[in-house]
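Which chain is which? They are A, B, C, D, E and F, in the order written, and residues in each are numbered from 1.
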Amino acid sequence: MRIDKRQNDELRPITIKRNVMKYAEGSAFIECGETKVLCTASVSFESPPFREGKGWVTAEYNMLPRATQQRNKRDISSLKKNSRASEIERLIGRSLRACCDLDAFNDVTIIIDCDVIQADGGTRTASITAGYVALYDAFEWMKEKGYVEKNPVICQIAAISAGIVHNEVMVDLCYAEDSNAQVDVNVVTDSFGNIAEIQATGEKSTFDKEQLDEIIALSQKCIERIMEIQRKCLAE
Amino acid sequence: MRIDKRQNDELRPITIKRNVMKYAEGSAFIECGETKVLCTASVSFESPPFREGKGWVTAEYNMLPRATQQRNKRDISSLKKNSRASEIERLIGRSLRACCDLDAFNDVTIIIDCDVIQADGGTRTASITAGYVALYDAFEWMKEKGYVEKNPVICQIAAISAGIVHNEVMVDLCYAEDSNAQVDVNVVTDSFGNIAEIQATGEKSTFDKEQLDEIIALSQKCIERIMEIQRKCLAE
Amino acid sequence: MRIDKRQNDELRPITIKRNVMKYAEGSAFIECGETKVLCTASVSFESPPFREGKGWVTAEYNMLPRATQQRNKRDISSLKKNSRASEIERLIGRSLRACCDLDAFNDVTIIIDCDVIQADGGTRTASITAGYVALYDAFEWMKEKGYVEKNPVICQIAAISAGIVHNEVMVDLCYAEDSNAQVDVNVVTDSFGNIAEIQATGEKSTFDKEQLDEIIALSQKCIERIMEIQRKCLAE
Amino acid sequence: MRIDKRQNDELRPITIKRNVMKYAEGSAFIECGETKVLCTASVSFESPPFREGKGWVTAEYNMLPRATQQRNKRDISSLKKNSRASEIERLIGRSLRACCDLDAFNDVTIIIDCDVIQADGGTRTASITAGYVALYDAFEWMKEKGYVEKNPVICQIAAISAGIVHNEVMVDLCYAEDSNAQVDVNVVTDSFGNIAEIQATGEKSTFDKEQLDEIIALSQKCIERIMEIQRKCLAE
Amino acid sequence: MRIDKRQNDELRPITIKRNVMKYAEGSAFIECGETKVLCTASVSFESPPFREGKGWVTAEYNMLPRATQQRNKRDISSLKKNSRASEIERLIGRSLRACCDLDAFNDVTIIIDCDVIQADGGTRTASITAGYVALYDAFEWMKEKGYVEKNPVICQIAAISAGIVHNEVMVDLCYAEDSNAQVDVNVVTDSFGNIAEIQATGEKSTFDKEQLDEIIALSQKCIERIMEIQRKCLAE
Amino acid sequence: MRIDKRQNDELRPITIKRNVMKYAEGSAFIECGETKVLCTASVSFESPPFREGKGWVTAEYNMLPRATQQRNKRDISSLKKNSRASEIERLIGRSLRACCDLDAFNDVTIIIDCDVIQADGGTRTASITAGYVALYDAFEWMKEKGYVEKNPVICQIAAISAGIVHNEVMVDLCYAEDSNAQVDVNVVTDSFGNIAEIQATGEKSTFDKEQLDEIIALSQKCIERIMEIQRKCLAE
């Protein structure tokens, strides 16, 4: 039995609210159990040097100081970007670039800001899931304004965490589970059922291929349900 | 007639929600019109060198990147603390220290984190008003845990912005008004009607003593209404 | 009786020396009792993005390491701009922008560097008072060089600190008084008797409107005397 | 046919030289084709706060400025830790912690410095493979000095990169292949055949489970050969 | 003929004022022509790790923004210690450590702050010359307070710049000469006529041993005169 | 007798390998006893502001963390450029600028990166000696590519350390000697026998002119041998 009485393949309650910010071109607020992340998509009319004249999508990830049990200091107080955040925001950026045609919009960078209001496990996958909604809406804004003819999104992207806890494969780990996980996996897939990224880490022990297969299969099943939530949100 | 059809002495709708965060010892979420600030109070069992063995209250103020019309870069990206934020968090800290007996709790620093989710004028005064609620609750937490016998709060503290726009004295300026203000004033008072801090700045012109008197009188009247909202919130 | 036997409304001896630096376009050295500040005005032929094509005045404030009783480390050693200095230099900048027509000179930023050689209270108000002289002379330099037809200064600006110490309202607090002040006020006015900025802080207690009125009245009277010193200095 | 005429399952020539540094407790220099990484293991007699009284292994990864085609600036010139390096050094640290019993040595942190002398693809996996040798030798040094009774290494750890290039699954991508890869995978396994970490990224497209299976199977086969090279190196 | 009509072996007018700062344990203000440096000596009751339990003397060197023709930005604005200043303060520190017995005072670091108020060539040598006076007085302060029995100074230290300009060997170069110097030399000697440090740099051309000999001989003669000024200053 | 049984005027074995890096325009790897430095020369098609339209040569110097007995932290971990490295890289830059005609190539900066792989004394002089070879080859690359008609090198530059240890003048100090040296000297000369730079420091005592003369004479003799090694290397 899991800490919060869920089945191993059971997601926590997930809600995504769209268009929650007054100024951002796209925005979404996601709650997965006690995990709460605010994602905004900002359209900036310049592209990075290595994509000159083309489009780009990038992400920033940050936790509010009191998103966690212990207050964590702001990056600026130590003048150092948190290295865990660097790792996570690179994952989010790669994942969201996988859902759109980067050549379909020019000299534009869309910045997805993922600010974790409260953290209870799965903040990076929640950021990807809600980041997709914010990104979609930023492209809609561009379409309305005439910057693109059609929305450059080519498929849905969503993500879920999974892992092995007390030798059981389970999905959507809360913090208490995550900190005891033997294996910690983040799966990002698109709406064709293909994989955009998998990161599987043996935190307390290594794992075999069969366990990995089981985790991936379970994760893919769950992501389908999450994509339905995304679709409902965007249909509203 | 003001932009949003308010009277010159009319506040925007203000709501304060208490205890909104899972982990923080105290927390409050304030909305003043479109301005939204999340305040958390974190109890840290150490005091700064200059208050060795005694208590201290300090504040940090930060805007989310997309709190504003234009996305503002995170401090860490330039490695520099925003100087406006430095100025503001010093004001918040001084104001909140005015409402409690700093000698009534030992070797404890309470950090008030004010994170602006959305900015539409008056974020610093909203931070003080909601910071008071978060601070009060952190002290309640300390009382429950036995760190203090009674809550060290000695009076209420609340704040309001005011100013002169198109030669009219008005309170609670929204961003559009604030950016056209000739004079910009922030008033912080306690529940005895005394002043904790006043900052009056001639942004586009200087001003005379009569104008200052009028602004202060109007602000004091409005703060009384805000204090009632604080009391209702804390009574729930 | 005050520490140095002054009356409550008595200023310390103030001297301002003009044109003290070989290279700066304007400069002034002010001594107020033991407080000593060197102000230089540097003309830079560019304006900040938000004032494109127009003029700007800004300030930097810094203390030498041994301006104070205890040696204070240089900002660079901690890689952090001192937040008190940030607050102060914003005040100086706003105050000096109030004395000139910023639209009367184009694509020029004048930087007022205020370096505190020795600190004994009132360094920020001394910086404003001497900064005015340095700024005036930098504009004179611009006039001589043909960058402006007439000096863009439209009024004098000067400042004084005041406060309540041992329940007495007094002006021009030295460090020993300042560190015991219940209320600490900085008043900046122009030569029309109007107020450019007031910052009134209850450091150890709050204060009422009558006390504020008394402080402001006393400060205004003193600033008149300081403006006379400025005028004499500029007449030499 | 691959750029350098290798078969898809063919590794580049790999050599590992052990004990190449005069001062380090352990060291190894690895060459995989034109990729060259120097790994040193430094024994530091302190553990991080979250492992108080116990052991820890951590890694730092850095490229020399001219390891690459274009000179890359040193981190210190921008005051920012390269975020790609942050991501990589976290992977190296996790991977190397998987090969030893962290509770078998106390109050010791072993720092694995991975300095890339020349980069031609696969620098992170080469760092793990050589880092294992350096770590092993640092533990041997500890054994000789009497800090541990037996070497805390419990299994071998090695890594390889793999991917899909022009729709072909291949291992050990050189830079030219890597920059054209559709899918980029890093596989880290132990000598029991178990997986320590897998990171699979769809750089230019997503991928399906069958492709992932094929990549993993091929990688595992190759890592066996790499582990033999490690064993030979450590047997010398 | 030199720019300011001096002979090649002629110093600019040098004045050193002692005890110019209210709070510092030692201080000196030196003027060499238009070069003006304020040196303070601060006694700090701790020693650096590599001198545990013993004494140390170190220096910091900094220019005010408008010490120079062009305003130079403060280090903190770029978050980088100026590398020329790093080089200079290391020279000053080494030079001043040469004049005292560092084992004669315990757990004390004396920090010599050299703040260049105005720069017209020779600021580093002026810093050494005045730094000696400030250091001497800080030791006197320690003697008065009973921290040492006798002043740990064992000899005088002073310095002068010299060089080759238009093929002429000359001393005490002003900025205009220095920026045209073919060879730039800084000589630091003690009062026994021995050399503490020589740095000779061919800025625009290399130089031969005979030229070096001539420069050193001339410099040594000039430093004798400077030491007399130091002695007079300390005798007052 | 010296630690490693050398004569006082005896160099350690020196080898310089040229063209050791795949991507750099010039490179050299020098070993002087146990001291090992990798120098690369990178051609960058831009010049610094103060050399607009002309050529420049600059250097960066850095130690790998485990170049030394004790691991030294990377600059980025403290966000501060090591001040010893700042001093050294300024010396290297000045020295290498002395060997070429900076007006003979336009809008090009050549950056000499000196990365100390292992340090056993004399790293800065080894950097200059090998930096010359890397710089020469970078100019050859420019000649081949048609950026210059002839190689802008006008003479050879090489350097050696020397000093006084236990009252004996000796050259090419290893670390153990260097850390006990009374006097520490670095001599840089060109192939005409002229001096480019001399830095002579009394580390533990001052020294007289005769000692300096002896050190310089001995150093010049040794540098002739080093230049022969440079020439052989470049002839291969």
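Convention: a contact is a pair of C-beta atoms (placed from the backbone, for glycine too) under 8 Å apart; a residue touches a chain by one contact, two chains touch by 3 or more.
Not measured: the values here are computed from a predicted model.
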- Task: Any chance you could name the chains that touch subunit A and subunit C both?
- Result: B
- Message: Measuring between Cα centroids, what's the chain most distant from subunit A?
- Response: E
- Message: Between subunit A and subunit D, what distance separates the C-alpha centroids? Give it in angstrom.
- Response: 27
- Query: Could you state the distance in Å from the CA-based centre of subunit B to that of subunit D?
  - Reply: 50
- Query: Which whole number of Å gives the spacing of the CA centres of subunit D and subunit F?
  - Reply: 33
- For subunit F, write out the residues touching at least two other chains, lowest number first. 79-81
- Based on the touch definition given at the start, go ahead and assign the chain network to line, ring, star, complete or other. ring
- Message: By the touch definition, the chains form a closed loop. What is the full order round it when you set off from subunit E toward subunit F?
- Response: E, F, D, A, B, C
- Item | Residues of subunit C defined as touching subunit E within the complex | 21-24, 27, 34, 38, 40, 42, 44, 60, 62, 64-69, 71, 74-76, 79-81, 111, 113, 115, 117-118, 120
- Note on the structure: Counting only contacts in the complex, subunit E reaches subunit F at residues 79-81, 83-84, 86-87, 89-90, 94, 98, 189-190, 192-203, 205-209, 212, 216
